[in-house]
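Both complexes below contain chain A, partnered by chain B and then by chain C.
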Partner chain A sequence: MTDISAQPMPSQSAAASIMVGSKGMKKRHAAEARFKAYGIVAIVFSLGVLAFMLFTIFNDGISAFRQAQLTFPVTIDAAVVDPTGTRDRNTMAKVTTFSYTKVLNNSIVAALLDKGIPQEKVSDKELGEMVSKSAPAQVRNMVLADPSLVGQTITISVFANGRIDGYFKGRVTRDTASRDSNVSPAQLDLADTLRDAGILSLGWNSRFLTNSDSSDLRPETAGLGVAILGSLYLMFLVLIICVPIGVAASIYLEEFAPKNRWTDIIEVNISNLAAVPSIVFGILGLALFINFAGLPQSSAMVGALVISLMTLPTIIIASRSAIRAVPPSIRDAALGVGASKMQTVFHHVLPLAAPGILTGTILGLASALGETAPLLLIGMVAFVDNYPGAPISGFFDPATALPVQVYSWASRSDPAFLERSSGAIIVLLVFLVIMNVTAIILRRKFERRW
Partner chain B sequence: MKSMHITASALAIIAVSATAAAARDQVQITGSSTVLPYATIVSEAFGENTDFPSPVVEGGGSGAGRKKLCEGVGENTVDIANSSSRISKSDIELCAANGVAEVMEVRIGYDGIVFASDVNGPEFAFTPADIYGAIGLNVAKDGALVANTAAKWNEVNPAFPDQNILMYIPGTKHGTREVFDEKVLIEGCKETGAHALFAAVAEGADDKAKASAANKECMKLRTDGKSVDIDGDYTETLSRIDADKSAIGVFGLSFYQNNTDKLRVATMNGIVPSTESIAKGEYPVSRPLYFYVKKAHIGVIPGLKEYVEFFVSDDMAGPNGPLAAYGLVSDPELAATQAAVAAETPMAPLE
Partner chain C sequence: MNDMTKSDLDVSTAKIKMRAEGVQVYYGTTQALKDVNVNILDKVVTAFIGPSGCGKSTFLRCLNRMNDTVASARVEGKITLDGQDIHDPKVDAVQLRAVVGMVFQKPNPFPKSIYDNVAYGPRIHGRTSSKAELDEIVETSLRKAALWNEAKDRLSAPGTGLSGGQQQRLCIARAIATNPQVLLMDEPCSALDPIATAQVEELIDELRSQFSVVIVTHSMQQAARVSQKTAFFHLGNLVEYGDTSQVFTNPSDPRTESYISGRIG
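Let's turn to the complex of A and B:
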């Protein structure tokens, strides 16, 4: 022992001790530290991008949920809205919104005079333009629903014009207004006065969620009502189309199908279908459901059939892996006590696989919710002003969907639609978060591990 | 065999349920994205003022819209195609081949095409020759054709500022590009004398063939990045200009009028584009807008004729109507259009 210890230690053998650091070890530690750092950088980068995206969306979009409104008394002039004096709804329906515009213009001029607010440099016409172009229709509908209002003075609350609204949200400034042909700085000054006088107020805008789309002349009234309803119809139909087909297919493939070349081909094809670009399904849908089967264009039904084709492979793949995760011992035990193959599947395998199938389905639906490309070809990317009817016939009415609305607003010329577009993204994100959280909760609560 | 049966019956069920549900009660419109905002304005007002539902309006391009119109007759085909260029002979032949015998042509007004740059940039006063000199592939120089190498605007015309040439023009799928080619590039090509030079070297049987070959040469643009095709819509052009302030973009008049706080418009031949100057015919770059109605659907689809009449009524398409407020130059011959619509006159064959 002594002579061994007496030998001069070679420098390398010192590295044999785990207590003493060596060059190689330092190198490996450094590599590990570097790798960790890369990981952290990657995560920080993705979080940064996500934060930036959310910040811009919320920054642009949150204002869509607030809206400038004007509240003032309107005198329903009988000579204008009911020139024949019959008070008959059908006769009065011949008076168009163009006449009601005059009623509103006269009323707001009178309201300012009444309150002693000077119009300054704003002409009567310009003052009338500060009211949304949706207001005449709003008053007309009120009058047609209740002809006794004719001749009376009622206090109503209508939207302010999109530019005036934009001024209170910081989108329009006096500087831009001086160059803008649709609004003048004098109108903005008057808007400030009206706000102080309590005629103009800025409040929560629930109509953003319920109104239907509107034309470029009145961005302030554009809402997501039709799109939300359309998306709900789509999701519901996709669910009832995909789940039975998807689960049946995956049970057959996992539990009953013989392992041969045919099932191999089917398996490869399912995986391939999951990777096919969604626009291809749109082309297929146009040819099959609209041109061949004659289903109505722009309807939620056709949209759901197309999206189902697209989502099915995802659901089948998720369901198969959930069924595969059920241990064979459970099948063996069931078969061992005399259950038939079908009883084994439906009494034991399927209930145990259900949480996994459900999670896969919800995640498949969530990705389908954000899909626009296939809808483009079947006419759902459109201006749809009327709400689709109640189920079941409503499934065949024209509708749009949330991502479609984001897309179509983003390409409108009036800058006020940018805010709407971001607002729609926020609503879409809320839908997606709800669906994904449901999927996580279901998985946490019901998933069993063996 | 059994699976065949199942597939067949499934398809039959779909078809039956479809015919049961397909009693369409709203008008279906598709076509030009330039006409789209006007059509939505009318659709909205139509829904408000009548007991008919608002028509469903889709975009997607003039050519695609006309093709859809000509797919055939029946409730699952569209009723109206919006178009920013006139229907072509091949479209009408396609229509006739698919049983769409009569089509009504409705001209709704005129649309201007404007050149605009960032609002804080210098002012430009263009002529078609300037535009051609800046982005044409080959230009005339001292009586000979040479490749265009101009890098700055002041090389094209000494009156212009020392600013890099960069133009965003509509892509070839847009109807706007046709007008740009015809009224700006070919005009400019002729003014600079390049057209005559092209025609001189062109091969062709007669002068007409040579001229059309020269027109084709005139439409060729530089490929060195000075002229960029935008296949998206005007919002894309606007955001590109926002990113590169020295660029000049091509827009529709109505788009510019909604964004006057961000864009500075250039004059053309000394004329400022506006609904007035276009209506008078002074501003040179404008074009008529149309829509085409499938006559076989009138009386079948509820509200179709009423919608068309409402569209061309003085309240909507007149000079004080909402369409003019949005940027449409109203048609001086609107009364004739109204009469043609009332009489359901189908369009005469194209020459």
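Let's turn to the complex of A and C:
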């Protein structure tokens, strides 16, 4: 091992020339070189693991941002969607999505005929099934939003079925399709033809970032919208709960509190709290905020309260060390010209400690962003179809969060959800990188002042 | 010790500004000061001399209650300012420190601009009503501290970017900007070159016309040059206190004599 101690000093006698390296010197250099080598190996190893992890995640997940879409003219048949002919929204709303399925089926069959694409191996019904089950609702919403579309032919883009999408992403092959009741090899052949004909295309899928979660039958429409908004709500609430409390507590403990047994006990407990497993906080949150205080479960507010409990110790510890790092001579200087304790803290100590507090806070928030276990316990893993409302009441609406979405998609059976899970990890990582970069930039900005 | 002109002034008529009676200071269980009795005269420069660790800074910090901020420190005895006990519960240490200003042993400018450093005291005490007035105070304070010429073109530059000696003069300017009645200076010249030292000594002599100055110094020559009264501390005891000329030429205690002549310390 690296032995840096107890090397015999080069002998003083024999009129040692500094041009001749002594034996002890060589050994010391060798020890230094070994030590450097260990360090480099360790860094290379960890970078390698990191690179491998990022590679697999991006390899699996980047496809979630691209989606097979079918673009064809759809004739909104007035006889089907507005049998009464009133063009009245309320009357038309009585027509169910099922009727729109017929509209779409007829249109895509017509589109194929129009382009002269042979369709003999695939029945009309099977052709209709190649369109996502979300498409009828999409068209229905368009029509209800704009009744003048009735009777017209409009070109629209709808998602292809998840299996078709999977075929272009390599998830579904003819071999698996022959054993799959949801898709047949003939449909895949037709999908290839449609792609050549320009009806089917693989394009950027912004709805992955805006849609809400979807049922097992239509993985192609599942999106992160609710999870992203939920995570933003969570971060915002954690920030406004933790920063004032955490900074005030650290200032009190560092600057005002007498150093006695009580503060020692508090100190130990804060450190202990930082080390409590997060699942325990989840149970506490369930008992305290939901069962006792009666706050709505699955809501961002409860999630934020629970995560705040976990993040507070981190923020307090970081803030205290930032405050402690401010040289005492600055406090002396302020007190010496007659500043009060409060003025000393707010005029001098806090501005100097701010970069450290800020960094600690953002890093605390970043780890809170990835927190999953306590959110599972308070019900944020539930299937949430609707966006939470606007603040402030929206903080109490059911929501979900990015890491929980990763977890719940990863545990679904359809491999299409696994791809989305990796996609969600990418979004989560992007958020984390943004937060950490912000932390660094802000710290630099504050430090550059002097 | 040949330049005694400034010390020769008659101080017998000066009134007592601060009085310490039986002051004892403990840091935890160790006693740093033992029964110190001394009078700080108004409009007089008092020098504290003594070997390192003898308690000069500790005593200085008693005079503006800076020792309150040291958790382990305990001060006993009575200290008065204009006859009023500074440890009286009615006395606010914060207010006391505005009246008894301090320059610390190590330069400690705020990490703010030179201007803000000097303006800080006047600002928090509301001494000024206008920007022009504040500018005026900053300029005169910097001038008195012999820093104006170096700093006038860079008032908005950070005070921490100055050299060590300049920083110390900035701290002096900051202390006099609050217009204290007593100024405590803990080795203010230890980081200064001879020219700046001479300027600060001149300043001290000038300040004497407005308020009393207490200066801690390791330089016998400096003590002899600037002070009218000298107190010699040794191992936590105030060994000797008297007119500077008398302490330096005819000390009554053998320890003072051996310290001044360089045998202990």
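Keep this in mind: the second predicted complex is superposed on the first by the 404 of 450 C-alpha atoms of A that agree within 3 Å, B and C clash if a C-alpha of one lies under 4 Å from a C-alpha of the other, contacts with A are read in each partner's own complex, and residues count from 1 in each chain.
Keep this in mind: a residue touches a chain if its C-beta (ideal position, glycine included) is under 8 Å from a C-beta of that chain, and two chains touch if they have at least 3 such contacts.
Treat the numbers as computed from the prediction; the structure is a model and nothing was measured.
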| item | value |
| --- | --- |
| Three-chain arrangement built on chain A, chain B and chain C clash or fit | fit |
| Partner chain(s) touched by A:Ser413 [first = chain B, second = chain C, both, neither] | first |
| Partner chain(s) touched by A:Ser340 [first = chain B, second = chain C, both, neither] | second |
| Which partner reaches more residues of chain A (counting touched residues only), chain B or chain C | B |
| Contacts of A:Ala293 with chain B and chain C, given as first, second, both or neither | first |
| Apex chain A: angle to the C-alpha centres of chain B and chain C, given in degrees as a multiple of 10 | 130 |
| Partner chain in contact with A:Lys102 - chain B first, chain C second, else both or neither | neither |
| Contacts of A:Ile330 with chain B and chain C, given as first, second, both or neither | second |
| Nearest Cα pair across chain B and chain C, whole Å | 25 |
| Touching both chain C and chain B, counted on chain A across the two superposed complexes | none |
| Footprint of chain B on chain A - complex, ascending | 93, 96-98, 133, 137, 140-141, 172, 176-177, 179-182, 213-217, 289-291, 293-298, 301, 376, 379, 381-386, 393, 395-396, 398, 408, 410-415 |
| Residues of chain B defined as touching chain A within the complex | 11, 14-15, 18-19, 21-22, 24, 26, 28, 30, 33, 36-37, 39-41, 43-45, 47-49, 51, 53-54, 56-60, 75-76, 78, 119, 232-235, 254-255, 257-262, 315, 322, 325-326 |
| Complex interface listing, chain C residues touching chain A | 64, 66, 69, 71, 94-95, 97-99, 101-102, 104, 106, 108-112, 120-121, 124-125, 158, 160-161, 171, 174-175, 177-178 |
| Of all residues in chain A, those that touch chain C in their complex | 258-259, 327, 329-341, 343, 347-348, 352, 449-450 |
